[in-house]
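Below: the structure, in structure tokens.
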């Protein structure tokens, strides 16, 4: 807006002076949802110990009350969410699946963020050939669907979790690279950085006090988005049978396994569906930007060269 | 002068004027934040007579723009206006802004601030003028196009008519915006800071434009809101001075400016560089001491320097040598390479050819920026930033309180973030930062062009004091010839890619 | 981006897909021959002899140092080879599947454009209103729902519970509805938000205000000074969206048994059919670059200010 709202200046100053970390309610709710699911993944097996792979075929698709004594006479560990089609404890499969997906996704986001940010800042700082080459690689990766890249990596590498981790990192770093390069470019060219340099401050000071404050909120949002995208990809691959192989529990695989038993045991199918949905919703709420996708952000950024 | 007696509803007559003369009148215009009690603008009444302009002056934040926005119905939604407006005797209550929407372009023309932002960046200039003729004045497509073309010709921007606004200079954009604003045929023109961001030469062009259209249009009214005293003087007519939401003085513009009764108006009038006392910023006026300074050692020298960015050569054959305690003014239009000169002198831009000789240590060459907010790390308090600086260079910060007092900076400002103090305060902090380092050379790039005149005067005074006391060499860049003439020992002008001494000094 | 950098991008995409495919080929373990033989003859007829004949026929063991360059040379001569599974030329296979995928993707894109941008425009014009807020909620929920999950929900509700539409199949118009809707809802959610944000941003600009002050009505201002500024990010976005669309197609086709390029890709990965994977990846990558070249040209029409 071009109209200067004269006389509003004092109120504006007040607004700025409020504490830095005031997340809106939406973000707090999202963070709480994510935190509780992470806790479930970490502590679920400690609170109620059990084995996600142990089968009790006679208990297939039974509810949580089907607790009793095994063939051998020993007391079977309880399964608070009932059993799947092979009589495995849904609760423990869910906990294990959640743990696996979360660690792969988090690992991929961390690797991607670290390499993306460093390369992005390198490109912004160096310019010239380094920047052109890195941007070319990033743009070209953008031309290939992420799932396709992950799938190709999964053929090349022997272990599926490793392939998912590296494949997802390969997909995700591009976003961090682009954001870091864009922020880096504008901040490094700003009078503030120049002034600090003239005043004799070193590179670390300029990064810490000029670059990072500008970059941090954007990167946090990108990390939450990246996490959500990685989790979606893992589940989607599981759902179409090219993800983490059986019998390791995985959210997408669980859904597709339980789909045929929808009529008999709707709750068994709903559990992984609900967990996946809540996890993704929590991450998106936490990211703090509305329903905006990273692609939309790129577009807007790209539309104004 | 008593404000209360100025109430002039349209149906009254005043000073022997007939009601027919008054084209716009407003009574008890006030503005407050929705739901709040305190007014941002206290009740004001005014009348606009045909052919007689009204100028409203005041500093940023005084409420002068709120007055215009309240009359036009363009206040942001969180603000509410009250009072009433009469146009040719028809009343329009101000608390419903929608009642003025149908008047835009037809009876009320609005000249925007920063016109380069007000023109659609994706539409050719001529179509932006033509569409108002077509859709507002209801002319045929051909007639609209012809009218737009002739307008642009008259304003001297015909060459730009097929271009997009991004290609226009600030002055051209303002003339195009003027044509577009007037095309709908509205006789009353309200211009809010129409010269903001324009060079001094452009300012008087816009002033002429406004006066010409006032004289040529029958029953025309003109209201200009500005903080530029030169423009106020040029427009003439009647004047209102607004401060902190109150009208503190009004009368005939020439009378008020010549003999302001209110102390604030007097300060405001005197804050314009033209009005600064001649010798205030010069070293003790006798030539002896001046020669003494001139004998000071040379801090920086440019020899046969040519400056280029990319493939464009900006300045060639620059010969410049600056001594301690000396102020060199550099004047030139925007984009002429003044800032690149600074970068080259400070070693931020390698010279294309020739060389820069610095006679002191690297740290002793510093710069003062146009926009101080952009030059401080955003998330660290000013106190911490100053500590960082003294820690980095092992400086003695015991003199800090004294320096802050000299610059009239309150100690409690130290706990604020750079974005939480005013532009003038922050620029003085930037100066303070430099004074701690005691640089030998400072390149000040339009350091006050974004500040109000009163604040500008204060900052310039602080800067000159630093130069004279610390024996700093200063290159002061500005587009304001009057300011440089009052402050600098020598003034150089950038013309046709060369740095020349100004003739008339 | 300009034409030369698009060409570079094209080259780089080919290089990356070729490199990845070569690595895939290299990393195929000895039992790849068994796998392929199984895919070809069925697990019942599988024995060491069949595997050995496959290995010999495909030259899986004869890998020289220069092999990678030959490999790339083949790609540049558009020699994509034959599918390891069907023995059919990769071009023939892809041509067959691409049509199916394009019709599905086209239908999805069409539906999403009918839903998303109009809703976004309405919401953006009244930013903060009830439509804006409910659209935000719906979009957030849709964004948090992966496409396979949406497909699952639609199949369960509409096919299984209501029995209105077939869950899988291809050929009849009613087969289009569920997969296309699944793809379209996700796309519409994002484009609606994008358009909404762009529209809301345009109404905040000085030139939008000034157009009103010139005397133009709200509708005139919208048509003359709003729409083009909203179309610009939308068009750019649609170019980038192509990848998301393809990604959706991969998953959706597998779920609904749609005989398209995505379905084929998943099968090829599953059976390590490297020539098919490479061919599909090349078509998708090159398609992306070409579509974005068109988007660049269209963008220049909409925004003649030109790219720096």
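Going in written order, the chains are labelled A, B and C, and every chain counts its residues from 1.
Keep in mind that, in the parts below, a residue touches a chain if its C-beta (ideal position, glycine included) is under 8 Å from a C-beta of that chain, and two chains touch if they have at least 3 such contacts.
Every value quoted in this text rests on a predicted model; they were computed, and no experiment measured them.
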{"item": "Dominant chain pairing [most C-beta pairs in contact]", "value": "A-C"}
{"item": "Centre-most chain [mean C-alpha coordinates]", "value": "A"}
{"item": "Where chain B and chain C are represented by their mean Cα positions, the distance between them in whole Å", "value": "52"}
{"item": "Chain centre separation (chain A, chain B; CA means) in Å", "value": "48"}
{"item": "Centre-to-centre distance between chain C and chain A (centres being mean Cα positions), rounded to whole Å", "value": "21"}
{"item": "Sites on chain B at which at least two other chains make contact", "value": "74, 112, 114, 117-118"}
{"item": "Shared interface positions of chain C, touching two or more other chains", "value": "205-206, 209, 303"}
{"item": "For chain A, residues contacting two or more additional chains", "value": "1-3"}
{"item": "Chain A partner contacts - residues on chain C that touch it in the complex", "value": "1, 5, 8-9, 12-13, 16-17, 20-21, 23-24, 27-28, 136, 139-149, 152, 156, 160, 189-190, 193-194, 197-198, 204-206, 209, 232-233, 236-237, 240-241, 243-244, 246-247, 250-251, 254-255, 265-266, 269-270, 272, 274, 277, 280-281, 284-285, 288-289, 292, 299, 303, 307-308"}
{"item": "Residues of chain C touching chain B in the complex", "value": "205-207, 209-217, 220, 224-225, 228-229, 302-305"}
{"item": "Residue ranges of chain B touching chain A (in the complex, touch as defined)", "value": "31, 33, 40-41, 60-66, 69, 74, 76, 79, 112-114, 117-118, 192, 245, 346, 348, 362-363, 365-367, 369, 371, 374-380, 388-389, 392-393, 416-417, 419-420, 422, 430, 433, 437"}
{"item": "Residue numbers on chain A that touch chain C, as the complex places them", "value": "1-3, 136-137, 139-149, 151-158, 228, 232, 235-236, 239-242, 252, 255, 259, 262-263, 273, 276-277, 280-281, 283-285, 290-293, 295-296, 298-300, 302-303, 305"}
{"item": "Residues of chain A touching chain B in the complex", "value": "1-9, 11, 13, 16-17, 20, 190-192, 194-196, 198-201, 205, 209-210, 213-214"}
